[in-house]
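Presented below are the structures under discussion, each in the form of structure tokens.
After this come two complexes, each holding subunit A, first together with subunit B and then together with subunit C.
Up next, the complex of A and B:
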């Protein structure tokens, strides 16, 4: 989760998110350099006493300020496309989970081996225990094994929703009548929070997502327990 | 009517020839000369980047002015300093230092900006007291402290972010 007044990204919990962080650093650095240059030029133009009314054209600088931005764009596009294709690599998921969006909660179905399904409602503020995070905690978390590729099939039962977990670098729209596939690998064990990312009615802000990545044995224990309770 | 006498044709051709010799207008091969007609009225201006206006500042000269203008036609070394200044002021309204003189406009702008910012601040303050609902209980000091501890226990953002700044061995911030 983000700490209060955090501006930057959360620490990456998946390899794809790590790539995105580094790409963002790269693109932002370019943006800062261009902005500094433009700001300098603006200040220079505004504070000078010199005038020149007779410039008609200059081919040399026109070439430079056409070619150089083109090169900069290529410098941004190449890493960007690399990550785009990286995200669509053929992976071999160990586990497939269906995340279904409802108004206003998520439901998760683990149907690879047994029929495990449960709903995940936000814990209302008045029911929180001291120290829990307001508007982020849910009664049931989506538990996944860490360091295992997980495929998530996202869909919706009523209106558009979107299943997003920033720390894992995942966001996928939940469209009624459609199965959208996304995948991630949780590099480290931990709890990762997200929120519904497509306006879906009155309680759109109150249907969070919590993914808990645990070592495999713990995951197996958890799924056995959940099946017993069901 | 269209019938031209030889004399008139001759004078027309002569005028055309002189026009071709003296004008600097654009001419394409075998086309007539194109001329840009400047139809603006002469006006006076004080501009840093265009020093010489269309006309002098003082249009109507008094008798004294006119006699000074006559004197100007002679050697300038015979003009006194005051006369030179008077002649300048006849042709121009402001001197260059006067044109470049800084104004106090920025004080008005910055002052107005701060007044509006201050007014906005007052509005926000009033809203905080009379409009906003009470804070949720998660904003209490005790809750925030427990939340912070829970975030550290859960190792939230342990790489470079939140938990990375906590020294777990010493139990204090790094």
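Up next, the complex of A and C:
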């Protein structure tokens, strides 16, 4: 999950997020190398009285600094397109969950077999137990089986919201009257936090998302318990 | 135009197609028994699945209407029901059910 003074992404909990992480590292490394080179050249140019005739009106250098950026761009574009298409691949989900955005909470519906639906409100700061995370915890978590492809259909009942879980590499806008599909596989069991990502009124910052990935048997136990309680 | 294979259903209402009927029911029964969730539908390959939900809802009611009009078993229609129940938000379904009951449902069934 997110931690104070964090600079990079959260640890990836899905294959797609892993790919995104690696691509980001790749692109950022190129950015650092180019920036370092340019900075070095600027400093070298500024701190000398000599003139290098090979970099003025020279055909060779012009070719180099036209072709090389082109190659670098291809080096960035190819992995980028690979991930883009990877994210759009047809998957075969084992489970469909609907995430409905409201002002100001999420509700989750599991209707493949029975009709299980529940609301997920943020736990107010004064009600937190020791060890829980401020503005991130909810009373009911969206529980999913780990290592199973899950389809999430995101919509809203009032205004625009957005369902996002960075560790899973998922963000999908919740539009009233529209059903947006996204999918993920939770590679490992764990608890993953996210926050509403589209301004939706006074408590936009206070309607977090918590996804809990558990082994399949635990998921089945949980869903039976939730159905009994409902 | 309905995506339902209206011609097939109507052709099955003719006498002497019992074999075809029972084979179709068997495969649908198997599909429903091993149902996990709504499978990928190539008619709706993109992010926006609104029409997928609505189309299956329509197809369920049209299937019911078509099969019960010719006094046939409506069990094959259960597939569409499972799919729309998986995909459609419960609030949408209850709103549409009420609209059907009150006669104000906008879709053609």
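Keep in mind that, in the parts below, the second predicted complex is superposed on the first by the 223 of 230 C-alpha atoms of A that agree within 3 Å, B and C clash if a C-alpha of one lies under 4 Å from a C-alpha of the other, contacts with A are read in each partner's own complex, and residues count from 1 in each chain.
Assume contacts are C-beta pairs under 8 Å (C-beta built on N, C-alpha and C of every residue); 3 or more make two chains touch, one makes a residue touch a chain.
These numbers were taken from a predicted model, which means no experiment stands behind them.
**Q** Should the pairing of subunit B and subunit C on subunit A count as a clash or a fit in the superposition?
**A** fit
**Q** Would you check which partner chain A:190 touches, where first means subunit B only, second means subunit C only, and both and neither mean what they say?
**A** Once the two structures are laid over each other on A, A:190 reaches subunit B alone.
**Q** Quick one: subunit B or subunit C, who's touching more of subunit A?
**A** C
**Q** Consider the C-alpha centres of subunit B and subunit C from the C-alpha centre of subunit A, and write down the angle between them to the nearest 10 degrees.
**A** It works out to roughly 140 degrees.
**Q** For A:26, is the partner it touches subunit B (first), subunit C (second), both, or none of the two (neither)?
**A** neither
**Q** Counting only touches as set out at the top, which of subunit B and subunit C does A:125 meet: first, second, both, neither?
**A** First partner only, subunit B.
**Q** One more residue to check, A:98. First (subunit B), second (subunit C), both or neither?
**A** Only subunit C; A:98 stays clear of subunit B.
**Q** According to the stated criteria, A:3 is in contact with first (subunit B), second (subunit C), both, or neither; which is it?
**A** first
**Q** Based on the superposed arrangement, let me know which partner A:12 touches: subunit B (first), subunit C (second), both, or neither?
**A** first
**Q** Applying the document's definition of touch, where does A:140 land relative to subunit B and subunit C: first, second, both, or neither?
**A** Touch partners of A:140: none, neither subunit B nor subunit C.
**Q** With both complexes overlaid on chain A, what's the closest CA-to-CA approach of subunit B to subunit C, in Å?
**A** Minimum over all C-alpha pairs: 30 Å.
**Q** Which part of subunit A faces subunit C closely enough to touch in the complex?
**A** These residues of subunit A touch subunit C: 90-96, 98, 100, 109, 111-112, 115, 117, 151, 153, 155, 157, 172, 177-182.
**Q** Please name which positions on subunit A make contact with subunit B in the complex.
**A** Listed in rising order, the residues are 1, 3, 6, 10-12, 49, 51, 53, 125, 128, 130-134, 188, 190-191.
**Q** Which of the residues in subunit C end up touching subunit A in this complex?
**A** 35-40, 45, 47-50, 52-53, 82, 85-91
**Q** Please output the residues of subunit B touching subunit A within their complex, sorted ascending.
**A** Touch list, subunit B to subunit A: 48-50, 100, 136-138, 142-143, 146-147, 149-151, 154-162, 164.
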